[in-house]
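Pasting the structures here.
Two complexes are shown next, each including subunit A; its partner changes from subunit B in the first to subunit C in the second.
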Partner chain A sequence: MLLHLILKDLKIEMRSKEIIASMFIFGLSVTLIFALAFQVAPVMIHTFAPGLLWVVILFTSVLGLNRLFSLEREEHALWSWVTAPVDRGLVYIAKVISALIFVLISVILFIIPFFIFLNLPTEFSFFQFGLILLLGTGSIGCLISGITLQAGLRDVLIPILLFPSASPVAIAATKCTGFLFENKPLTTWNFWLLILASFFVIFSLFGYLVFNKIVEE
Partner chain B sequence: MTFFNKKENRIHAALAILLSVINIYIIITLKPPNQAQGIFGNIFYIHVPIAWSAFLLYFAVMVCGIFFLIKKSIIWDHRGLAFAEIGTIFMFLVLTTGPIWAKPAWGHYWPWEPRLTTSLILFLIFLGYFMLREFGGNPEQVSRFAAVVGILAFLDVPLIFLSVKFWLPEMQSHPQVGQYFDSASPTPTYLVLYSFLSLLVIASLMIRFRINILTMKDEE
Partner chain C sequence: MNLQVTNLFKSFYRSPVIKSFSLSVNSGERIGISGPNGSGKTTLLKMLSGIMAIDSGDIQVGNHFIDPEFTLPRKSIHYLGHSAGAYPGLTGEENLIFISGLYGMDALGVTECLEKVGLDSAKEKQIKYYSQGMLQRLKLAITILLDSDILLLDEPLSGLDSNGIQLFQQLLDEWQENKKTMLIVSHDHNWLSSITDRIIYLN
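For the complex of A and B:
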């Protein structure tokens, strides 16, 4: 059932390509603006890069995932799966996983121009970078899913509620990425990775637990 | 029947005024404990108890949220909203008195100190909470979702505190607070506790007043 719910989102996206395309293009344009705005001091950009990366990821996630969830609001599709004979927590998990897939695809797409435009060195472990991206975007995805699955919630409220709640994630993810870009050994910053992982666990469990309460009528 | 027609409410209000007048008098006339900070050092007796009360009130918002989600009784929603409103007023005071104290103590108004930063982020989350209450749409859904935001906000507190603490390891967590809690002279400790008590009396009066109004609005 979980697989069906995820495949449904992926199938819609395969046909329209709306979410990933808009996230990719938006991420690209924000990167461009950053590259132009910070061109005055190219040395500085290496210190700023981890922060910029996560700002771009947060912005694009809000933009794209809002669309992913507003799909459910059209023609009250939300109610059809609320009444379906499945555990509602499963529905939440399916949404989180498809949100994660979308964010990761678009991040992978715009991260290449991000590194090229900002002239960043790429000598670091891609496995660790992938792990950070997975945990960071996972926590953000859980939070957005929890906030946005509220049918009828105004769009403007999503960033207002998300950005302050996601600030610990932003701190931990930026720290991890910063250490990684400086090529510090994993042992010196592994506790940041653990903090990030604990956010992921806490936010996903929280979403899973309260989701039943949010949607019931 | 208005709120202050009841005798116990009038006593509560009188007690709140009496306790806080004494509290303010003590704080103003007290000899500053730290000569370097001058009279600003005394802001400790108001800043720290307000911060405790604010966090306590936000904790109460979380408890009300949990009860609302379980029992689905509207009274828990009213309680949660009242706690959130008064908690936000207190949090605003924390964010005002904090920089006033930080200037003489640290030399600049906004040190990115873990507790102050946690308070700011919590304050921002609760501004979003009120936006949600105001513009969220369907009132029944809004109550449920506000309860979730209230729980999430307080769950965020330890996370924010820990990450800000590690984020700037060179920034000490309030070294000034420790100097007041000295076992050799327990007077400051008692004064802080007294100040905390008087603030709690004020807060409880405000909350009861607010719940009263919300319930009346419901009955209309």
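For the complex of A and C:
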């Protein structure tokens, strides 16, 4: 069932390419603005790079998640699974996985110009970076997007609710990325990674439990 | 399948729309629901289908109560509403395959359902390009596919041409033969009285 729900999102996105294209173009634009606007010493850029990267990821995620959940509102498509004998929590988990796939694809696309334009070193573990990306994106955004699914002013509500609730995650993800870019051993920054993992688990479970109720009108 | 509604209550922004509504529908019975705009006809059907949360009261389908935590009764009820309840980015056929998967059914009957409602030639077209009448036919195809025991039909003739109306009448006869329980919302009182066993007027 989970695969059935994820494949539906992937099929719609493969056809329209709305989510990934908008996230990539936005991410690239912000990267270019950062690269051209900051005329500071490279060492300063290296210090700020993790924070800048997560600002870009956070903003692009809002754009993508908003669109991902909007698909359910068009023609009230969500009625198809709200009235079906399926665990609605599974729909939430499917959305988290779909969101992760879309965010990861768009990040992979704009992170290359991000490193090139900001002239950043690339000698770090890509596996660990992938893990930080995985834990830092998806679960909170999906929960907020899910909560606002039935709200009239959801375009306004998503940033208002998401940015404050995502700040601990953004801070932890920035710290992890900073240590990773400096090639510090994992043992020195695993505390931040655990915070990130905790938020991921808590928000995923909370979303799974409450989604059943919040999707009803 | 029987449907039992007891003391149903629903309000929007502290303004009650449905107050202490009770209804008992026997298996195979056809009930018409009529009333002015804003009287709560669609709200009632949405609550029965589980799309809308209820403030208080009980809805019993057969031996089971409708509850967000309990998925089983949802299999017995299908709501045909104002919107398609399908994904505009998917084709008619893909939407039916997706919905059949949600109900744990195989996709073997999908083509047959689309043929029955006259959408076989448009089955590979994304439904965002469908006309209003085609969307209404798609909703009918979904209703045929799911074959639920209780059908909640909200303005089922909306957007249908004369052929579509004829098709719907034919389906109504089939559903009556198969002892489907039906709740039909319409503003056309004469039409409702000609096809239902009794009419409930909401005001």
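Following the convention adopted for this analysis, the second predicted complex is superposed on the first by the 197 of 217 C-alpha atoms of A that agree within 3 Å, B and C clash if a C-alpha of one lies under 4 Å from a C-alpha of the other, contacts with A are read in each partner's own complex, and residues count from 1 in each chain.
By our rule, contacts are C-beta pairs under 8 Å (C-beta built on N, C-alpha and C of every residue); 3 or more make two chains touch, one makes a residue touch a chain.
Keep in mind that what you see is a predicted model, and the values were worked out from it rather than measured.
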- [ ] After lining both complexes up on subunit A, report clash or fit for subunit B versus subunit C.
- [x] fit
TODO: Tell me which partner A:Phe199 touches in the superposition: subunit B (first), subunit C (second), both or neither.
DONE: first
Open item on the list: Contact-wise, after the overlay, does A:Ala172 reach subunit B, subunit C, both or neither (first, second, both, neither)?
Closed with: first
Open item on the list: Tell me the contact category for A:Ile160 with respect to subunit B and subunit C: first, second, both or neither.
Closed with: first
Task: Which superposed partner A:Ser16 touches (first subunit B, second subunit C, both, neither) - done: second
Open item on the list: With the two complexes overlaid on chain A, check the angle at subunit A between subunit B and subunit C, Cα centres, nearest 10°.
Closed with: 90
- [ ] Classify the contacts of A:Lys213 with the two partner chains as first (subunit B alone), second (subunit C alone), both, or neither.
- [x] both
Task: subunit B versus subunit C - smallest C-alpha distance in the overlay, whole Å - done: 5
Task: On subunit A, positions contacted by subunit B and by subunit C - done: 213
Task: subunit C - residues contacting subunit A, complex - done: 46, 49-53, 68-69, 71-72, 74-75, 77-79, 81, 83-90, 94-95, 98-99, 101-104, 126-127, 135
Task: Residue numbers on subunit A that touch subunit B, as the complex places them - done: 146, 150-154, 156-157, 160-161, 163-165, 167-168, 171-172, 175, 191-192, 195, 199, 202, 206, 210, 213-214
TODO: Under the touch definition given earlier, write down the residues of subunit A that touch subunit C in their complex.
DONE: 1, 4, 8, 11-12, 15-16, 71, 74-77, 79-88, 212-213, 216-217
Open item on the list: Under the stated contact criterion, what part of subunit B meets subunit A in this complex?
Closed with: 69, 121-122, 124-125, 127-129, 131-132, 135-138, 141, 144-145, 147-149, 151-153, 155-156, 159-160, 162-164, 166-167
